[in-house]
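Each chain gets a letter, A, B and C, in the order it is written, and its residues are counted from 1.
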Amino acid sequence: MKRTQTIENFLFLYCWSCGIFLITVVACLIGFLLYKSMPNIGLKLIFGDVHWYKALIGKQIVFDGIWPAMVGTFFLIILSTVISIPLGISAGIYLSEYCPANLKAMFSFFIDLLAGIPSIVMGLFGFSLVLLIHKFITPAANTCLIVSALSLAFLVLPYLIKTTQIALSSIPKESQLIGPSLGFSKLDDLWHIRLPQSTKNILSGIILSIGRCAEDTAVIMLTGVVAIGGISDSIFSKYEALPFYIFYIAAEYTSAEELARGYGASLILLTITGTLFFVSYMIRKRLEKRW
Amino acid sequence: MKDKILERCLYLAGLFAVSLSVLILFFLIYFSLPLFQPAILKNILSFEWQPLYGKFGILPMALTSIILAVLAVTIALPIGLGISCLLSSLANKGIAKIGDILIRFMTSIPTVIYGFVSIFVLIPFIRDISGKGSGFCLLSAIFVLSILILPTMVLLISDSFKSVPKSYIESSKALGFTPIQELIYIIIPYSKFGIINAVILGFGRAIGDTMIALMIAGNAAQVPYSFFDSVRTLTAQIALVLASDTESLTFKSIFASGLILFIFMLLASLSSYFIIHKKRLNQ
Amino acid sequence: MVDTKFQSDWKIHIENLCVRFGSKEVIKNTSASFSQNKINSIIGPSGSGKTTLLRAINRLNDIEENCYTSGKLFIKLEDKWHNILSNYSSPVYLRRKIGMVFQHPNPLPTTIKRNITLALKIITGLSRSEREERLINSLQQVHLWDEVKDRLKKPALILSGGQQQRLCLARTLALEPEIILLDEPTSSLDFKASKRIEQLLLELKQKYTLIVVSHSLRQTRRISDKVYVLSNGKIAQELSSIQIHDDQMFYKVAEDFF
């Protein structure tokens, strides 16, 4: 009896120390980052020696600031979101509403498989698409912004599909019957009654996948990101991005100044993903409050 | 009618999403095809990677990937279990809620930032205690990777704790079990399939990670004999080799690496499926 | 050919209806006829299949996976008999002619006005003024108009349970159905609200044919013109108005089946 009591006490302490350990690790991570990057936050970090207004309107190119990387990440997010949202939500609707029951399990498996594909393999896929186009269509084909955006869209696709499926099925059962009982066609029921009720859930999923697009490095490494390339002038050109910039600095920094920029870029990237996470969380919370 | 066209579009989107993974597999196979000749195959599936001497063995990288993933999960599992227990029963409601938000926040931290900070915090530490090497080694990568996959595993385990039927919880409370006893004798045994699933998916995530391996593990293409050896994973291999000309065998070998990774993922997904199936049968 | 065997006061005629979900048979080869402009009540012990039978009429069971319905189900709509289980019959159009009210009031999470006008807008091709007319008309029929006419733009969820249920009823009436199916419409309402609904049903039967699944034997006695006792998936007994009000008969039925 005493022995089991001791074991149980030990386990209790163990669980708490795991929790404390984790909090310590996260605090150290963020604390260290803040400590190293705060002194450098400012317009110089972003725009280098160029005046911010001139950089914004594109009159002068920024060479020693992270502005091009921020712009690149921004365009990347927009492009990949524009591609993945309609595709993901449509596929999610198909799989939860129109898919015949016997195929559902198999299709589900393939979506889970897609979700498990490592990001580098997805990047490899994007790269091989370019190879194929290069071989069979035009030798001018090369890795670029649009290829990265497509590969990122494929990367977050399974997540959007799952989010849509869950959002549609978490409408209360009786609300799901209103449309059909009134004589709405399936499409009308979805568009006018059920999708509007799932909007908040789907939106929070979309925001999380935007975060995923912002932070991914492996995919973009293989599909067109460069360390120094300025702001791309078309979707068919190379571009810079924040996560790759951070990686590049970590691997190849040659001066304290460059390292400082790396820290600054890290903080900005963390702020972006953190804000997106926070917004997504708030949306879901407000949803619960309303009902 | 307009409705029919819209429904056709939905169908096409669904079909595309489902066939995408098959398409990716097909591409990997297509581009690795030139490698499937006995002589070349023997070269690729060997333990020596020295492209300048015509040796393209990717097995050291495959071995490293497996070892790294297994060890990272081995560390992450007990800690993950501890935290899940904490969040589900042992801590009071307020702390549990904060903990839940914190864990979810951790999943949104970019991998590259884990790597970046670790380079300046963990690596010097490892360098000092090992006395040799640069600190960029297997051990460092295991540590960082286990922290990376920890939140995912905690969320999965917590979910399976929550899915224990209410009747079991009620009877254990009625019997007067303490929270710890409830966890040890009821919740964890009942969730064992969920925990196994978390392990499988954690393994899949660990083996598929590129940035930690690339930034922390050292990238020497050798079989690891010590924790302080510099090593390279399959994922890092793909990232590093890409910058070569497209006709060389060096280049073609990355598709073989990709294919092996895909097969690992496929096995992990299938195992996960079987475990979930078993879980449902048990209930 | 089909019309001759139906009596003139019938509205719905069921022959050898079987409904099963997967391998579980819920409605087992049952037959019945429901009369026009009457309140037809279906009662039975829990699990006997009352909701399934009700939903068979507007084919709402089809929504469930693995649901198989066989047998014959004829409904007289627009003075013509239709076999609604045939492959040519569209459930969507059927449900526009048959209104349904559920056990728990389920207004849409939008304004009171939009609860009614949304369906009007999507399903009917009526002009704006015609829709307004139907809105007022349907709300008046359920005696809700005076209570809500000043707050049509307010969310429907501010209404009480009884008012919400009447709103759901108005929602179906706006589409001008011929039959209304009600699944335990007052089981989640308080005594006063229940009474109001019962009163309403007695008024509505003049214009519509009502099929009510009831949880309360007393309520059934109060409002029904005909009672169908469902037991173990089959209609075991039919009681006429006279028989319902005969105390001895009714208590015998209660004992036999419940």
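Everything that follows uses one rule, which is that contacts are C-beta pairs under 8 Å (C-beta built on N, C-alpha and C of every residue); 3 or more make two chains touch, one makes a residue touch a chain.
The model shown is predicted, which means the values in this text are computed figures rather than measured ones.
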Steps needed, at fewest, to go from chain A to chain C via touching chains: 1
Most distant chain from chain C by Cα centroid: B
Mean-CA-position distance for chain C and chain A (Å): 48
Cα-centroid distance, chain B relative to chain C, in whole angstrom: 54
Gap in Å, rounded to a whole number, between the CA centres of chain B and chain A: 18
Residue numbers of chain A (touch at least two other chains): 185
Parts of chain B lying in touch with chain A, wherever the complex brings them together: 3, 6-7, 9-11, 13-22, 24, 27-28, 31, 78-79, 82-83, 85-87, 90-91, 99, 101-106, 108-117, 119-121, 147, 150, 178, 180-181, 184, 201, 204, 207-211, 214-215, 235, 238-239, 242, 246, 254-255, 258, 261-262, 265-266, 268-269, 272-273
Chain A-facing residues of chain C, complex: 58, 60, 63, 65-66, 91-97, 99-100, 102, 104, 106, 108-109, 118-119, 122-123, 171-172, 175
Parts of chain A lying in touch with chain B, wherever the complex brings them together: 8, 11-12, 14-19, 21-23, 25-26, 28-29, 32-33, 36, 86-88, 90-91, 93-95, 98-99, 107, 109-114, 116-125, 127-129, 131-132, 154, 157-158, 161, 185-187, 208, 211, 214-215, 217-218, 221-222, 243, 246-247, 249-251, 262, 266, 269-270, 273-274, 276-277, 281
Of chain A, residues touching chain C in the complex: 101, 172, 174-178, 180-185, 188, 192-193, 197, 291
